[in-house]
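Should a chain be cited, it is by its letter among A, B and C, assigned in written order, with residues numbered from 1 in that chain.
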Amino acid sequence: MEMEKKYGVYLCKGCGIADAINFESLHKVIKKSGKIQHIKEADILCSPEGRALILKDLKTDGEGINSIVVAACSPRVKYEEFDFPNILVERCNIREQVAWTQEPNNEHTQALAEDYLRMACARIKKAEMPEPYQTECDKTILVIGGGTAGLSAALQAANNGYQVVLVEKEAQLGGFAAKMYRQTPSSYPYTTLQEPVVFKKIQEVQNHPKIKVMTSATLEKLDGEPGLLDATIKVGGDVETLRVGTVVLAAGWKPYDATKLTKLGYGLSKDVITNIEMEEMAKAGKIVRPSDGKAPESVAFIQCAGSRDPEHLPYCSDFCCTASLKQALYVREQNPNAIAYILYKDIRTPGQMELFYKQVQSDPGVMLTKAEIAEVGLGDGGKLRIHATDTLLGENVIFEADLVVLATGMVPRTADEPVLNLGYRQGPGLPDLELFSGFADSNFICFPYETRRTGIYAAGCVHQPMNMAMAMEDGVGAACKAIQAAEHVAAGMAVHPRSWDETFPDPFMQRCTSCKRCTEECPFGAIEEDEKGTPFFKINRCRRCATCMGACPERIISFKDFSVDQIGSMLKSLDVPEIEDEDDPLAPLRVIGLVCENDAYPALDAAAMHKLRLNPMIRFISLRCLGSFNMVWVSDALSRGVDGIILLGCKHGDDYQCHFAKGSELCEYRMSKLSETLDKLGLESDRVIQYQIGHSDFDLLPKLIDDFVARVREIGPNPFKEL
Amino acid sequence: MNADNKILVIGGGMSGLTAALEAAEAGSQVIITEAGPYLGGRVAQLHRYFPKLCPPTCGLEINFRRIKENPHISFYTMAEVTQVSGSAGNFDVTVKVRPRYVNDRCVACHACAEACPQWRVNDFNYGLDKTKAAYLPYDMAFPQQYVIDKSACSSDCGQKCLEACAYDAIELHQKPQTLNFNVGAIIMASGWEPYDATKMDNLGFGVVANVITNMQMERLAASNGPTGGQILRPSDQQSPKKVAFVQCAGSRDENHLPYCSYICCMASLKQATYVREKAPEAEVYIFYIDIRTPGRYEQFYWKVRDDENVHLIRGKVAKITQEPGTDNVVVVAENTATGNKQSMVFDMVVLAAGMVPSTKASPFPLPLSYTPDGFVIQDLLPPGVYAVGTLKGPLDVTKSVQDGTGAALKSLIALGRRS
Amino acid sequence: MAGEILIKPDLQFVKRVIAAGGDTVKKCYQCDTCSVVCNLSPDEKPFPRKEMLQAQWGLKEVLSDPDIWLCHQCSDCTVYCPRGANPGEVLGVLRQMAIEKYATPPVLAKAVGDPKFLPLLIAFPMILLALAAKMFGYLGIPEGEIVYGKMFPTLLIDFIFTGAAAFAVAVLAKGALAFWQDINAPHPWRVKVEGNLAGNLIATLKDILFHNRFRLCETTYKRSTNHLFLVFGFIFLAMVTGLAFYHEWFDPHGQITKVYVTMKLLAIPGTAALLYGIWNLIKERQANAEKAGYGSYYDWFLIYVILVVGATGLLSWLFRLVGIGILAYPTYFLHLTAIFMLFFYAPYTKLAHIVYRTVAMLHARMSGRGF
């Protein structure tokens, strides 16, 4: 539904804006752009009076204005005051970016404010009201894995009224939790071992009317998109395809392969076992030496068997310290005269688990020391000799034990297999897991459930190394995200990080050349190809970063309120004065700053809060993400006579900060292509540069921009300026 | 039941925001009450997160945007829950909102602060500097609205702020407000306080000038902190070239906090990188009992450990004094690996002070079960009430967020909401 | 690997430490707070952390570790211990076990440390003294002027107490010698001694006399003062006794009678100092119990014996002065009983610390450990 747009521009005079800028010439600039003739000023636009002024104009029986430019403060503030339902609002930030960071009342400041108005007018002209993309969606939650995390995810999702399909590869539910003799305490006072609680959960899950439990079942294939996922599940010889909405990946872990731990004696003697084998023995009822079936008088637990070792697992497996403390109690409980050694690098019982450590420590027969294990060998009388260095007891010491237990760590299921078996062009598993040592983890501290596959959330030990209590909570969290994603896709809204966004990429396919850049670059694998190789969007997988828009050389991908053409129009709207004297240090260069709206843009606002001076030659345009940067903008800008372009985006690399994972990195990649082109054209490639700017780097901005402007000045004005 | 699908989240820090947003984005109405004047809580005071060394304000920016865009969330700052009655699905909650003395006409222009003649200790910067009595909690505070600290006001200032404000934003006669809500579920997310380091009489805090806490270190490193991001020691504002980090300053100690505070090892390793980044020639010593970098944090530990200017010594510091005649600090510890007791002189010492749940000092207005250390015992919570993050035990940000997300779903279930 | 030590923990040893009052020993998690806050502990291989470790691992060698004697139980460690492991108390227990180890016969040391043997330990000197009085003096309340010699002739006293003291000295000497050998035996955790034995011994004794180490205590600083009173009380009394002995046996012509009569007055300040010291020591222990620990039965055994020695000594004198025979003689009898217990049991009670601590401090001085 195309509505006829009626424009209004509202200028705020408060916060020092009117003291810095001449409003009369602003009026002229706005009116010059055609279509927009309705301009009003207010002393304090955000005040109730100012808002009333706008509201009056919005009345359909009055002016009937439906598209407004608010030229006042940053869009990050006064958001409620300038929120008008069903009205297109373009915020033009002449407070932070002009009044608070520029010299008042000089020609540069005036020119800057005018350009911001020009761009805002250009932007609103190219914007439309979003209309959500809605399809008939299924909201069933598929839970992969029936261990602690999977069970709790399934149960809580079902308790919240959602249908759940629980797929477990083994014949029984419960995972490792069901194989335990005892559980480490999960509640205050953290002193006594607990009976495993998992069996109660299994029963609840099995009896829940909303949960379909499939055991001895594997997920063969997962096709489609959130809300419309087709899960092909193999149960025995049968294959079944089920429609589901979103997914909780709780595939769990397997113990690290102890045969790789020959240095620690595994394989040398039957009496060197893993913590899993120890647990099985304890559950079976008696802890014995496998070699002779006798109850051990001394048991040595070797911590970090594989974990925290660059040759094996480069992480701490989190649960092994408490597991060994627990198993030391098994040893002591079975034989009050037995000794249990725990040889550790560091005892890791974070948080309140410290109280459990303290409790176990107080047992007279539990002996603890820090130690680096040099070797485990055979001793006299069938005993094992553990040679250790750097212990608290001395530099080189030997311990003798009847039984050695290796506290082997965990390896997430996703380390070796895709598990999800996605029918996605970009591959069957979650991408980039090598960054997380194979765990299906998020790269974001604040958003630990994020993955690069929309609607799929990991929980439990496939997610991060964690103990059972945490896995139980983690399952609930992942279920919450899965429910939320199911609801959002059904409503035609994006999920994190633009969880409010109702726009979506709408390609003009007639002009598509099937170059596949979008399909390759989409960080979320949202774009597939048909048999002919023509891309098509799986909108429900899309996160609205607009990386596709930036990638597309044909510039055919647009969002209702964000498009290549829109930014291009803004660039073209700029007033680029001629340079009369190149050597004049204040000659009016024009530099464009394309900035990430989540990080660099707020940093600019912060610079304004600190009243730092920013270079008056630069005009900032905010982008959803630098991933949306389309190279055509460079030619748009350069042909307009712009002298330089600076891109401010998030840090990339292994510790990337881009909330669309790949945006700033892909931008940098495009920049490298661009510089080749510019060099060929005889244009200096360092006219266009990208910087990594964090949210808190406001203090770096003035110098960074000044230096760039100086560099551009050094290169000289854009030769196309006169054309 | 007339709870109208509402969830009350107490605490606007990272776990509270998460719980609120996740619940709201799953379709519920949410009210957040925050005791302080801004949202974001403790993480807003951090320079960077471990292990990525990214700024916490980045994630807050997203969360604030989510709040701004979501019509289902409302929030109240300077608000405390004073009374709760009822049960799951139908709680009556009384919230007391303390006066801010600045209304939402405020545009953060700073005129009031400029006019204000009175100073107050800046709690946001842990007392490392001062602000005016009319102040913005920090540069990027959300909401971007000033506050007047009446306790720092003098009666004879002549209402200078009122005269200076061109926006009618100042209301010096605001009264505390009482609000009543009916909600179906309550999520407690009031977070933690740093342990009072003056209580450790052998570690010199408050006596030896150049002994600071880890949270103070965060503020010193932050570009919006008291030193503009330069790490300078308090006594003479010089850049310290030899810095000691004292782990378990209060934690794992029955005389103080018997539990491990979870984050301090990673925090000190992180802060070692601050020191090294700002002063490349600086030497860092970390004194510890056990290095606790669980899970994938291990790799961050390796990275810092491999820095040749970072020295890790297994041994707890139990004595800190001022070096006579200088501003330097003498630290005594035994290196348990070599079995030798060493006195070492440092330019500055950072105490890795632990976490105390906010419920230790201010219990929730419902009869709940707490551990002797003030943590909420989850298993004994009444139906419809959930505690998240560090209220249940020390935790890092990521796991608090995971926990907050789970609590959101549990609250939705408590509302009896069905899809 | 070269120089490897085989670690042989002894669970029974751990249990004994726990049973003897070191029940907190396992709580130690080796943070080193104790070694740092201890003002007495040397920089190189400081105590008590390593002793705590050995004790909790059941490594019996710890009993031959001289460092357990360098500890004066200031309890600064206990106050600051983050785990409530009370190193001060545990080392006290280890010292008790070391005394037992080096005592002959060890069973007597065990008896001293066990409350159920207390009646026996008291009964023994009482019966001995009663028999002696019956046979050589007078067991009852003698008529006339109160002269304790009527009950126990001087000769008898001299015989019994010289015997008891000689026995104690012999047992202690044997123990001290064995201890000296043990601490000088090659062991990876031990250090070697060098220098002049006599010269160092004198310096060590001087250190001990003035409590130079003890006075470094913080938590129990007052205890060191009280202990100093106690020690000087003993010294004064010992001087008076010694002079009396000399006067009696080696001064037939009464050449030093004048001196003796004057010097005898030293018994008054001596007794006062002793009583003041022990009384305040008790009070200090009670007041400080929460911080520094209450102490074991073994500690209190000695404290009460000394208290009784002092109190009965004073009362015997007072009763004699006011002439209440019915109270004076029994009190005197008790006084002798207590003195006998003090002397005869010395190798087994905490009093043996005089010897072992001296040896250990001498060793520390001679091995450059700052003592």
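Going forward, a residue touches a chain if its C-beta (ideal position, glycine included) is under 8 Å from a C-beta of that chain, and two chains touch if they have at least 3 such contacts.
Just so it is clear, the model here is predicted, and its values are computed rather than measured.
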Request  = Find the most central chain, measuring centrality by the gap between its CA centroid and the centroid of all protein CA atoms shown.
outcome  = B
Task = Determine, using the mean of C-alpha atoms as each chain's centre, which chain is farthest from chain C.
result = A
Key: CA centroid of chain B to CA centroid of chain C, Å   = 54
Request  = Please work out the Cα centroid separation of chain A and chain C, and write it as a whole number of Å.
outcome  = 69
Request  = With chain centres taken as the means of their Cα atoms, state the distance from chain A to chain B in Å.
outcome  = 23
Note = Two or more other chains are touched by the chain A residues 347, 358, 370, 392
Query = Which chain C residues touch at least two other chains?
reply = 29-30, 83
Inquiry  = I need the residues of chain B touching at least two other chains; which ones are they?
reply    = 252, 336
Key: In the complex, chain C residues that touch chain A   = 1-9, 11, 14-15, 18, 26-27, 29-30, 53-54, 56-59, 83, 188-189
Message = Taking the touch rule as given, give the residues of chain A at its contact with chain C in the complex, in rising order.
response = 337, 339, 347, 357-358, 361-370, 374, 387, 392-400
Inquiry  = Going by the contact rule set out above, which residues of chain B touch chain C in the complex?
reply    = 202, 248, 252-256, 289, 315-319, 332-334, 336, 339-343
Note = Listed in rising order, the residues of chain A that touch chain B in the complex are 14-16, 44, 46-47, 73, 76-80, 139, 156-157, 159-162, 187-189, 307-308, 310, 314-318, 344, 346-355, 358, 370, 390, 392, 436-437, 439, 441, 443-449, 464-466, 470, 473-481, 483-484, 487-488, 496-497, 499-500, 598-599, 602, 605-606, 609-610, 650-651, 655, 657, 659, 694-699
Query = Contact residues on chain B for chain A in the complex?
reply = 14, 18, 22, 25-27, 47, 49, 51-63, 65-66, 68-70, 105, 107-109, 139-140, 144, 166-168, 222-224, 228-229, 252, 258-262, 290-299, 302, 314, 336-337, 371, 375, 377-379, 393-395, 397-399, 401-410, 412-413, 417-419
